[in-house]
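The same chain A turns up in both complexes below, where it pairs with chain B and then with chain C.
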Partner chain A sequence: MIADPTLPETTTVASSAGAGAQPSLRRLMGEIRQRKVATAGLLVFLAILLIALLAPLLAPHEPLKQNLGDNFLPPAWKDGGDWTYPFGTDPLGRDILTRLMYGARSSLIISIGAVFVGLAIGLVTGLVAGFYGGFLDTTLMRLGDIQLAFPFVLFAIAILAVSPNRTVWHLMAVLGISSWVIYARVVRSRVLSERNKDYARAAQAVGASRWRVLRRYVLPNVWQAMVPIALLNLAYFVVVESLLSFIALGLSPPNPSWGSIRADGRQYMMVDPWMALLPGFAIVITVLAIGLAADGFADILDPKLTQGAFQRQPLTSSMPDSTIAEESENDLLQVRNVCIDYPAKSGTVHAVRDVSLDVAPAEVVGIVGESGSGKSTLGLAIMQLLDAPGRVTDGALLFEGADLARASNKRMNQIRGRGIGMIFQDPGNSLNPVLTVGYQLAEVIRANRAASGDGIRTLARQSLAAMNIADPDRVLRAYPFQLSGGMQQRVMIALAMIAKPRLLILDEPTSALDVTTQAQLLAELESLRAEHRTSMLFISHDIALLAQIASRIVVMYAGQVIESGPRDTVVANPLHPYTRALIGAVERVDAAGEERLEAIAGDPPDLRIVQPGCPFAPRCPLVMDRCWTVAPPRIAREPGHEVACHLYESPGSKEIAA
Partner chain B sequence: MSVPLLQVEHLSKHYPIRSGLLGRRATGTVRALDDVWVTLEQGETLGVVGESGCGKSTLARTMLWLDEPTGGSVRFRGETIGKNDLATLRKEFQIVFQDPYTSLPPRMRVRDIVADPLEIHGPVDGETIPQTVERLLREVGLDPARAGQYPFQFSGGQRQRIGIARALAVNPAVVCLDESVSALDVSVQAQVLNLLRDLQQRHGLAYLFISHDLSVVRYLSDRIAVMYLGRIVEEGPADALARRPLHPYTVALLEAAPSLKRSEPARIALKGEPPSPSNPPAGCAFHPRCPMAADLCRSQRPELAEWLPGRRSACHFALDVPAILGKAPV
Partner chain C sequence: MLAFALQRTAQMALVIFGVITLTFFAIRLVPGDPARLMEPPGTPESVLDLTRQKLGTDKPLSRQYLDFLSQLARGDMGTSFRGGRPVASTVLESVPNTLALGAISMAITTLVAFPLGIAASRKPNGWLDRATLALSSIAQATPGFWLGVMLALLFAVNLRWFPAIGNAGWKSYVLPVATLVISLFPLQIRAVRQAFIETMGEGFVRAARARGLSERRLLGVHITKVAAIPLITIIGLQAGYVLGGAIVIESIFNWPGIGNLTLQAISQRDFPMIQGTVLITAVVFTLINFFVDLTYAALDPRVRLR
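After this line comes the complex of A and B, so read on.
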C-alpha cells in the first residue's frame, strides 16, 4: 500500500466550519445572540452615541438659547411642568433635555477622541519599545513609569488649570496623553511574546524586514488585546471628563457638558433636584453600558474563555445489565461500552463510541491510535477529568467494581491519586513553576500521610531515586525550569507514585522527549510495575513504543476499538488494515534506500459524523462495498485477539455479541 | 571536484554565561558549537542527530546564518558568507519548524502565508503570485480550494505541509528541517517524509535534517552527522553509519529508537543526561556514559578522524564499536 502524497487529502474536519468568505463575522453574530446582557449594554451605548451625534437634528431647542421668562420650569411629569421642556429648564431658561443631548455630544466625542489619542501614542511607543528593545525600550518605558507614578487626574487638572482656552481638542489631547502608558505596556509585552514565535521567526528566515514582520505577523495579534482595554478606558474617560467640567476645568463655558450641567444644578438642589440628578443618571447609564459591553465581549477575542467552568456531573442512568454480568473479577479496570460526546455548536463530536477494554492487576495495556482517535479522551474519562462540555453518555467505567461514571464527586476525589494516577505529555505544564521539586513532593507526601517529620525528606529522596535519578538532593532543591524535560517527567511519575495508585494512566508520557530519554523512562516504568504491581494504561501514537512495554495492545480508530489482543499476536499478525498500516509506518529503521515508506493516506475522520459502515473505509486499501454500509462485526480470531473488520467474516470465525 | 553547496569550517558558537546583579559579568562560556567541519552538496540531505542540547539546532542556525557564528566560516557555492550578503542569500536558505501549531501565524489565511515570501522576493518567473501559491499547495498535497482557510482548520500533518509550501515558495537551495516531523503522529510522519523526498527529487533541494531520532533521519539522509556536546562525534554515509557505527554514542541512539523487529536487549543503553556544555568532562566528552570507556578516554580527547573511507569518528576505539544489524560489509 503506497500512498500518493500529491492527492488532496480527504479530510472534512473543519471544512464545514467556514471555508466561506467571513467565518469570523458569522461567529461574531452568533456570539452576540448568546450574550443578552452584553448586547443590551452595547445597544444602550450605541443609542446614546447616536443621540449625541444627531443632537443638532433631534434636540427640541437651542442649547445656548436663554429664555429668562421660562427659567426654573420643572420636568413635564411634575406639577407646573410642560412638554415643551420635557426635563424642565435651568436658571437661564435653557432647555435641560437639549443641554443633556449636547452634553452627551461633548462627553462622548472628547472621551472617544482621547481613547484614540492614547491608543495611537501607546501603540507606536509599545511597538517601537518591544521590537527594537535596548536603549529605546528602556527610555520609553521609564518615561511611562514616571508618568504612572503621578495620579493622572491631578496631572490633567494641573495642565488644564493653566490653559486659558479649553476646546474639545485640548481635552482630547490631555486625556489621551495621560493614558498612553497602559496601551504601550500591553502592546510591548505582546510584541515581545509574538516576535519570538516560530511564525515570526519563519517570516524573518524568508527575508521579511522587521517592519513587515511587525505589520503582518505581530500587529494582528496585538489588536485583540487592545479592544477591551480601550472600552474600559472609554468608560473611565466619561467619568473623568464630567469630573473635570464639574470643577470648571472642562470645556470652556457656555458649552454644555454633563459635568457642567451637574455643577449648574448643584446650587439649586433644594429647589429643583432634577437639574443635578438627570446628568448624573446619564453618566451612570453610559458607564454601565460600556462596562457591560466590554466585559461581555472581551472573551469573544479569547475563544478559550467561552468554554465555561469545569463541572462534572455523574451519569444518573442505571448501569446497563450486560456490563455487570461478566465474571472477570480479577480485572482492576473494566471499561464497558463507553460512549463520550462533546456537544458543540457545529455538531456533537462523538469522541468515544462503544469502547470496552480490561486492565488486570500489574498489567500494562497500550492504546494506540492517531490524533483524534479518542484515546486521550478515554484516559481523561477514566479519571473523570473530561474538559467541559465533554461527558460520558453511556456505558460503565468499573474500577475495582465501582462505576466511576456514576461515582459522586467526593468519591472521585478519593479515587484520583490514590486509586488511579495520571501522567500527561508535557511535564513542564504539570509542575508548579514557583515551588521547588522538594516542596512539591513533600506536599504530596503530607497529603497522603505517607510519612511525617524527618521521614518526609527521606521518602522524597527515595521516590526520586526509584526513578533512577542519580543526584536526588540536587533535584529536590531545583525548580522545575532548571530540569530537563526527561527529568521533569521522572519527577511527575515520582509524585504520582507516592500515593501508590493501583492504576497509572500515561497519556503520551514520552512524546515530547528524546528517544534516548524515552528508552530510559520505559525501563524505569517497567521496574515500577514489577516492584509495586502497578497496572498501567499507556496511550501513544507509536505502536513500536507500546510493543516495548505493553502486554496487550488496543488499537483505536474514530473513537472505536478496531483491534485488540496480546502484544505478540497483534505485532506479528495484525488483522485490521489500519493496524497493518500503523505497523508499516514505524518500520523505518530498516526502510533504507529508494523504497518508499508506507503511509496512510488522508486524515482521521470527522467525529461529528456517524457513518453507517466502517469508519476506516475512506482510507482503507482493501475496502469492499459492504464496508460503506454495514458496520463491521467484532470477530475473535484467536483467544483474546479481536478485530472489527469485514475481511474476517467466515463460517469459522466467531462473532461476538455486542 | 565540484564546489560544495555549503562548506563549514571551524564553525563555533559560544554563549557567555552572565552573572552578577545586572548580568554584566561574563563568568563562563557555553560552547554550544565547537570547531565543526561539515559540507552539504547540491541536492543532498545531511542528517544531524543528537540529544537535546547537543548543538544540532545551533549548527543549523549558524550554518544558514540565522544566528551569527562566533568563529569559523561558512561558504555558500564557494563564497564566504558575511553579514552584508544576507539580504540576497536569505531566499536560498529556508527553514521548516518543528511545531505545526506555533509555526504558522494563526490569523492569516493559508494563501497569504504561502504568498508572503513571494511578496518579499518577487514572483517566480512566468507565474503570478496566485498561480505560484496554487501550484505549491498542489505540490505539497493540499487542495488549493482550501487556500482561503486559516491554519486552525487543518490537521497537524496538513499544517506541516503548509509550512513546507511556504519554505519552497522562493525556490531555495537549502531547506533546514528542524525536527520537522517530530511533533507528528508516526503514521503522518511517513506521509510527510515521502513528500519531502519527492520534493527534493523534483527541485534538486539540499536538506539539512535535524532530529533526535536517528531512525527518522536515516530514511531521508544521504549522510548523517552525530553530535554530542557541541561537536560532531561521527559522520558518514547514512546506510553505512547505521549498519556499522564507529562511535558508541551512535549505537546508543540507534538502539534507543523503539523497533518492532529488534528483540535482544540494547548493548549500549544510555544512562543519565549529557553533561553541561559549560563544563564538559576532560578527555572524551562521552566517557562518563560510555560502557567502552578506557583510561585513554578519560585523559585525551579523540579527534574526528577518518577511520574508514568517507567515515569519520571521534572515538579512540572506533573499529571496536559493536555492529548493529549484523556485521554488514562496509
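After this line comes the complex of A and C, so read on.
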C-alpha cells in the first residue's frame, strides 16, 4: 500500500472489493456521471445504438429499394443534391443515409451479440477453471494460450470464406469465440483472489454453498472489472465486423453493413468519394465514443493511471515567524504545526493536523498510532515523498534548520538518502526486483562517491557484513526475491546507511517479519545508533516495540499528537485514555498470549470531517460533555510529558500555548 | 533454461501441427467445390470429375490428409490449384516483402510510442498526456482498411506523391507503413504509458528515491527495467500481427506479401496455397512468441531463476 490505508481516495476500489456485497455496478454508473468525456462518449454510443434499433421507424427510405433513375446522387450539401437523399444515393439508387442506419443495425447487433457470446463462454470457463482448479483449469487455460498464440482473425476469415450463407448468428459466433480467452482470464484470476479472502472463506465455513459465495461475493466484482474490457472488446468488434464486410466476408448481400457500404464505395471512389467516406466516419465516431466510455470506466477502477504516484509540490507560503524564533541548535529535526491534506472529490482528507515534534541527535523517537492516525503520512512528508495528491499545506519541517516543505526539488534530492534515510514496511516491495542486491548497493555507493573501482565491491560487502549478514558474497549476487524478508530488510538498512544519514525514518520496519527476526533487527538498529549516532524516527502501531527502542514516544490519533513524552513516563504513567487503551491492549495480549483482539471499541473518525472537540470522544470511556465541543488544550504534566485531554485541566497543570 | 527451450519447442510444434490440421479440415468440410470454381459455369460433371482427380479432391479426406502430411514431411507443400505454381516457392517469395513492411512499421511505431508514452506518463493528466491520449483514441477508432484507402486516395490518386499499389522501391513503402503505424501506435503508446505510470507508483521506486538517487537514474534504470517487461508481450503480439501478414492492409495496397496471398488463396479456394500460407503464418507467429518468452526470461530474473 502506498499511502495510509484508510485514505478514501486510495482505497475506493479496494474497500468496495472487500465489502463484496456492495452493488459495485451501480456505484460504477454513479461515478461515470462525474466524468464529462466518458459520459459524452457513453451518450453518443447510446444515441447511435438507439438510431440503429429504431432504423425501421427513422429511416427515410427502404434500405434495399433500388431506384436506378436516381443513382449516384450527391449529398444534399453538394451541387445537385437535395434533401430527399441527404447523403446521396449509391450506384443502385439506394438511399445512403438509410443504408447507413441499417448498417449500424447489423454492425452493432453483431458486435454486441459477439461480446455476449465471448462473455458467456469466458465467464463459464473462467468460473469453472477458478473454482475447480487442477486438471480442468490447466486444460482450459492452455487451450486459451494456444488460441491466443495464433492470429484468430485469419482463422475466422477462412471459416467465413467457406460459409455459403453468412447470417448474423455466424458472425456473432465467430467473433465471440475469438474473445472468450480475455474474459476467462479475468474471471479466473478474480475467482482465485476473491475466494481466498476472509469473508468468502468465512461464508463458506458457516456452510454457504460455493455458488452462493460466488453470486454474493465474486460476481459483483467480476462484473465491475468486465465493464471496460467488454466496451473495448465491443469497439474492436465494430471494426472487425466492418473489416469482414469490407473484404466481402460479412453478412451475405444485400444486407447493408458499414463495411459493405464502404466496400461498395471503394469501386466508385473517383465518382463519388462520399460513399466511401461516410461509413468510415460512422465507424470512427462509434468506436471513439465507446473507447472514451471505456477509458472512463477503467479510470474509475484504477485511478492511479490519471493521478500519478509522485508529484512534489513545495510550499510557497513563507514560514511563520514563530517557527523561526523557536529554532534551536540542539534539535536535528523540528516538525512545527504541520498539516497534510489529501484533496479528493468526496472531500479533502485532513490526514495530519497541526503536528509538532522534535528529534535530537542520536535520539530515537517513536510514533505510535492505529493505521490512519497519520503517522506514516508524516514520515513520508518529512522525506517529501507524499503520493499525489497529498501535500503539506501548513507548518514547517525543519531539518538542520532548513525547511524541507519549502526546499527546492534539487535541494531535497540532496537531503534524501544523505541527510535523511527511510526504511519502509514491506522490504520485498522496496528493492528493485530485477536488479541484484550488489547492483543496488554499488549504485548507491557511486551516487554518494563513497568508494570507487575495486573499493565499491569491498564497501558493499562490508556494509552487508555490518548488518550481520553471514554470507555477503552470496547476497550480493542474489536478486531480492531470493532473500527472506528479514534479509531483505537488512539489505534495505545497509543501503540506507551507506550515505551515513543523520536521521533514519523507519516506517513499521519489522511489521512484516516474524518475532525472532524482529528482535534481531531491533538489536542491529540499536548498535547502528550507538556506532554512528544516527537519530531515528521509528513509526509503529506497537507501543511495546517502541518501548524497547525509543527514548521518547509520541502518540498520534486522527492526525494529531495526543500525548508525547519520555518513554518511561509514557509507558509507566500513560495519561490519555487512548494511550492507556493502547498499553492495556498490549498487556492483555501478553496475558492471554493470543492474537490481538479489537483493542478499543469503535472506529477511528472520518478524516474528511473536522469536528469540534476531542477526536477520541466517540470512543473514550471517560468522555465528558465538553469533550464534544471544545478542543482539548495541550497540558504539560511532568517535564516533557504532554497530553491533549480535558481530564488534566486543573489549576496545577500548565497549559501550553499552541 | 535448456529445459525451458525444449518445452517451448515441443509446444510450438504442437501448436503448428494443430493449426495446420484444423485448417486442413476446416477448408474441406464446408461446402464449396474448388473444381467447380476453377472451371467455367456449365462445365459437364465428367470434366469436373477429371479436374477433381487432378487436384486430388476426389479421394477420401483421411487419405488426402495423410498425403498432405507425407508431402509436408518431405518439404513439399504441393502445387497451387491455380496455375500449378509450387506453393513453397510462391509463399517463400512473399515472405521478405511482408517481413520488410512489418519490421519497418514496428520499428517506427516503437520509436514513436516509447518516447511519447514515457513523456506522457511523467505527468498523468498533464497537457502532453491528454493530447497523446486524445490522438491515440482517434487513431484507435480509425479502421486501418478505411484509413489505407483514404491515404491512397489523397496521396496516390489526388496528389500523386506515392504509388498506391505494389512494391516498386522505397516510395511504395510510405503509404502502407503510414497506415500500419497509425493502426499500431495507439495500443503501444497506451501500454507504455500505463506500464510506466504503474511502475512509478511501485514501492521500490519510492524507496530508490528515498535513497537520494537522481530522477534520471530512477527513470533510466529502475523504472524502465521493470516497465519494459510487460511491454515485450504487447510488442510481440503486434509483431505477430504485422509479420503474420497484415492481411487487409496488404490487400488494399496490393502488397506482394503473405497476407495478400492468403486472402487471394481463400477467395479462390486454392487449398494447397491456403495451407501453405497458414503454415508459414503459424510458424512466424509461434517463433515470435518463443522470442517473447526468451526475452521475458532474459529481462526478468523472477521468471528465469524460479
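Heads up, the rule we're going with is that the second predicted complex is superposed on the first by the 529 of 658 C-alpha atoms of A that agree within 3 Å, B and C clash if a C-alpha of one lies under 4 Å from a C-alpha of the other, contacts with A are read in each partner's own complex, and residues count from 1 in each chain.
The rule is simple: a residue touches a chain if its C-beta (ideal position, glycine included) is under 8 Å from a C-beta of that chain, and two chains touch if they have at least 3 such contacts.
Remember, it's a predicted structure, so these values are computed and weren't measured experimentally.
When both complexes are overlaid on chain A, the residue A:Leu58 reaches neither chain B nor chain C. Judged by the touch definition given at the top, the superposed model places A:Val434 against chain C, while chain B stays out of reach. In the overlay built on the shared chain, the residue A:Leu43 is in contact with neither chain B nor chain C. Using the contact criterion defined above for the overlaid structures, shared-chain residue A:Tyr217 touches chain B, although it does not reach chain C.
Looking at the shared chain after the overlay, A:Ser484 reaches chain B, while chain C stays out of its contact range. The intersection of chain A residues touching chain B with those touching chain C, taken from the two complexes, is empty.
Here chain A touches chain B in the complex through residues 3, 5-9, 11, 13-15, 17-19, 21, 23, 197-209, 212, 216-217, 220-221, 370-372, 468, 470, 484-487, 514-520, 523, 541-545, 547-548, 571, 581-593, 596-601, 603-604, going by the rule given at the top.
On chain B, the positions that touch chain A within their shared complex are 51-53, 64, 66, 87, 90-91, 93-95, 97-99, 102-108, 116-117, 120-121, 138-143, 145-146, 148-150, 152-158, 163, 166, 169-170, 185-191, 193-195, 197-198, 212-216, 218-219, 238-239, 242, 252-261, 266, 269-273, 325. Listed in rising order, the residues of chain C touching chain A in the complex are 15, 18-19, 22-23, 26-27, 30-32, 123-125, 133, 137-138, 140-143, 145-146, 149-150, 153, 157, 194, 197-198, 200-215, 217, 221-222, 225-226, 229, 240-241, 244-245, 247-248, 251, 262-263, 266-267, 269, 274, 278, 281-282, 285-286, 289, 299-302, 305. Of all residues in chain A, only 2, 146, 149-151, 153-155, 157-159, 161-164, 235, 239, 242-243, 246-247, 262, 266, 269-270, 273, 276-277, 279-280, 283-288, 291-292, 295, 304-311, 383, 385, 387, 413-418, 421-422, 424, 426, 429-435, 443-444, 447-448, 479, 481-482, 492, 495-496, 499 touch chain C in the complex they form.
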